[in-house]
């Protein structure tokens, strides 16, 4: 394998990317990483775009600790979307993130349609932002349905917010749904520019000493290699159901895992949990992917691979 | 000390206009995981000390930590470990040598304790904010419990000496006291030194002379006693806390501990925290 | 830990069990195991009840190979329910299984309501059978909906078959559903004696040499430790939503894992994939569980644990 | 041979009233996974031979196999292995010694190849149906490719000698030929023995005298050639096949291969199969 193969530039809904590897929302904080690693972070930025952690309208402290539990080949997190809220994010973080050498994708979540409108409108006018990712894995406080598990909810939401921005809108699907393809199709039909999947799978752990739920948030979401096969199945199914680009993620640890998702239909691959093990994993994975693509005779549907 | 960089930064990113939660400072980490050859594995009673060569890493500050893993990580008890584990730097020798003190309490520490000279430690670091110098010419006073002695050893080195009070569960663990100079020892079972808690020794010391800065690391209940004892005497204390960590560099938001100003990520805004910032040092999910 | 703690007898819908550990359907073939291990299998039978592999009305060859793919801490299988069909199962296997020293639970699946009626009626009159488990994770060939993912389908099915037998009817839920609790509640309300979960989670793998789906069945189901946290979350949620007993499974490897599921609300715990690693795993797990319960001060809702 | 039990059973359970698919027989396995101490690890070019002590296991039949694993299984490439791996018994010595031949082709074989004398192999077995004796006073003729030589070595021992033809990719692998007595060797690259395929040697042998029973094990393409060559000459052949296995004792239904009578589970109705039962020896998903 040629470890220095050239990365293949990629395009996602009009955004130019130097290679197909980006980060998963909430799994890399570029501002904190800059404090820890200094300017090396900027010089060796591991991702072709930076996806922010989910931003909500109101500031959130997040869930009480403990927030983490290790599982076989994976991790359960119940972080609870801590963030400083829209206003402070715009004022404090956006200018810092604009200094990154890659396009910025802001991930947002609203608990009501109005909140999503507010978030999309606010970021729509900011030049620092290349695209928006809608995290729809929360329950709709009005209907009680998990927005992202219900095609009707997704359609209604997109109908409202799609007209509000010219930026690409990526809809991040939840894997905790009977029919993920139906939700993806609803997103596409209502104007989503792309879909991203998978978010974490609902999981739980008990405190071995007490038998009570370990996580402060009671349940959490499983990520990492343990979910890779599930991610691949969902990406494969969604790719056959929609024509818009797919940002695929779930347990990617190396170039082979990334290539699998691309073969299954992804345009771009995101790395989450693996960055916790090695902060520069994104760089390694993009190099491994480039080397695999260069040396491989694999092509998708007879056309050369986007990698 | 060649490749070393020392920077002092405010917590600008997530707490602008706030004074830092710790008097400590950080040394930047190289941006990636690297292999450090184990030079020596030495047993101190119930503990293992791994000394390794880290030619590409800077010299850490006392109180900083590293995320450690090994090759063939995984496959242990319960199909774990998967994530790296956090360890305070115990000692930072010449020639880019670093040492870590490890107690086997689960699949991650078990695997690390198996490592032999010649094998690789995989490490990311140094991480977090270390200890800050004593203020007002107060004498430094080190208080450690169990593996909590680790960051105190390097701090004692840097300070050029400091009194140390250390507590252990039993005699095999009390072997760890050899890692500090002239430490007064307490054991739960009285097998070595004072029979009782290290905080008994601390109370005695502070009652003698409270003009100290206390540096403490150990189990949550011990740290909470230290906090209360120091608060009552207005003795400043810097506590090196623990919490479960997935990444160690602020990426996962998993390691939060509550402070008077809300949750902080212990890996980037700690692990050393001013005791005055805490309502309690009892952190949910920590301690075995 | 006391490795020789006495196993606690357990009762499941009127069936007496020597301890709470049974096997997951399709993960242990007592007849084949007898050929391999001889009478030792009978003398040291590892489970407190034996659950058959799914029986269908018509014989099935199952999916083309390859049928297996190893994942991090788990396994994807696409076996495709091979079985000799109802008629030969009744004639050939039932008499042999009656010789086992434990109660027999027969797992059945129909592709139509009529098929389920036929299966339930046939086993209802056989004394060798202690209980029936309904595998409802297949698509209804009439409606196209996956029976087990839709509460309405489950209600309709149970209304038809519940009156046909006095034996306990255990409904095996699929984890690939938005709202597993709603399905469990539908099963309870329509007369199910118990529910069992989780079945395997949909997953996939690609052949690294070709990039095409590895499994003969294209997708398969993930089992093993990788799914344990997901199983625990679903069992915990279902236990809070229904009052009938729960047979819990998913990644159980040791007594601690079994205890977790019991703490979460299970009456009986099934072992699947772990038996592939050690055929006698069930015995070890039941001993470890007994030792943990004996030495532990843990109790559920203040009442002593059923373990 | 003390604890040994030999039973011949028809495939009663799943194919009553059918003649068996193989002439072979099985020895029953103890019902559980057991630890077998590795006595010796020896390298034969590209292969590793592990000799271990199995005091609690019966003497296997030639052609039977074991499911093998090691402690700290897992944590290798791609966070694998997780399941045990199937290996033919290479040799069964006195005093309950068994040997296995292993080629490092992935995370499971890699971990096994790391094992040193004194460590434990975890094993379940013997499993499957072994080879059956030659019929009609036909001479036994062994044909092996790569690690497929393993079951032929123990069969040669049991037969008290038999001609062996073996093929390898290259010289390091051809070292494996030393495990058989008087084997004729072919290598793909001609570095040792005949340049070409082992089936070239087989054709030559059968063209000389087709009154043989062929016992073959190796990669699918080789076995398919053997099958076709033997079929054309009406020479009976027993083929030891491979397929991906999760359990090895009939529990998972994962290891099926197609035969003229439908799918069989290779672990309980094989791995030795009469060539006449196969339409092809090319099994989907096998071979590297």
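Lettered A, B, C and D in written order, each chain numbered from 1.
Just so it is clear, a contact is a pair of C-beta atoms (placed from the backbone, for glycine too) under 8 Å apart; a residue touches a chain by one contact, two chains touch by 3 or more.
The structure presented is a predicted model; accordingly, all values stated were derived computationally and were not measured.
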_I want to compare two interfaces, A-D and C-D. Which one has more contacting C-beta pairs?_
C-D
_For chain B paired with chain C, centre-to-centre distance based on mean C-alpha positions, whole Å_ = 47
*When the centre of a chain is set as the mean of its C-alpha atoms, what distance in Å lies between chain A and chain B?*
34
*Hunt down the residues of chain A that sit against at least two other chains at once, touch-wise.*
69, 71-74, 224-225, 256
_Of all residues in chain D, the ones touching two or more other chains_ = 74, 78-79, 82
*Pairwise touch network: line, ring, star, complete, or other*: complete
_Residue ranges of chain B touching chain C (in the complex, touch as defined)_ = 78-79
*Could you please specify the touching residues of chain D with respect to chain B in the complex?*
72-76, 79, 82
*asked:* Quick check on the complex: what are the chain A residues that touch chain B?
replied: 26-29, 31-38, 40-41, 44, 53, 61-62, 64-75, 77, 79, 82, 84, 92-93, 96, 214, 216, 224-225, 273, 275-280, 283
*Of all residues in chain D, which touch chain C in the complex?*
5, 7, 9, 11-14, 16, 26, 28-33, 69, 74, 78-84, 124, 127, 243-247, 249-258, 262-263, 265, 268, 283-285
*asked:* Which residues of chain C touch chain B once you look at their complex with the stated criterion?
replied: 73, 225, 253-254, 256
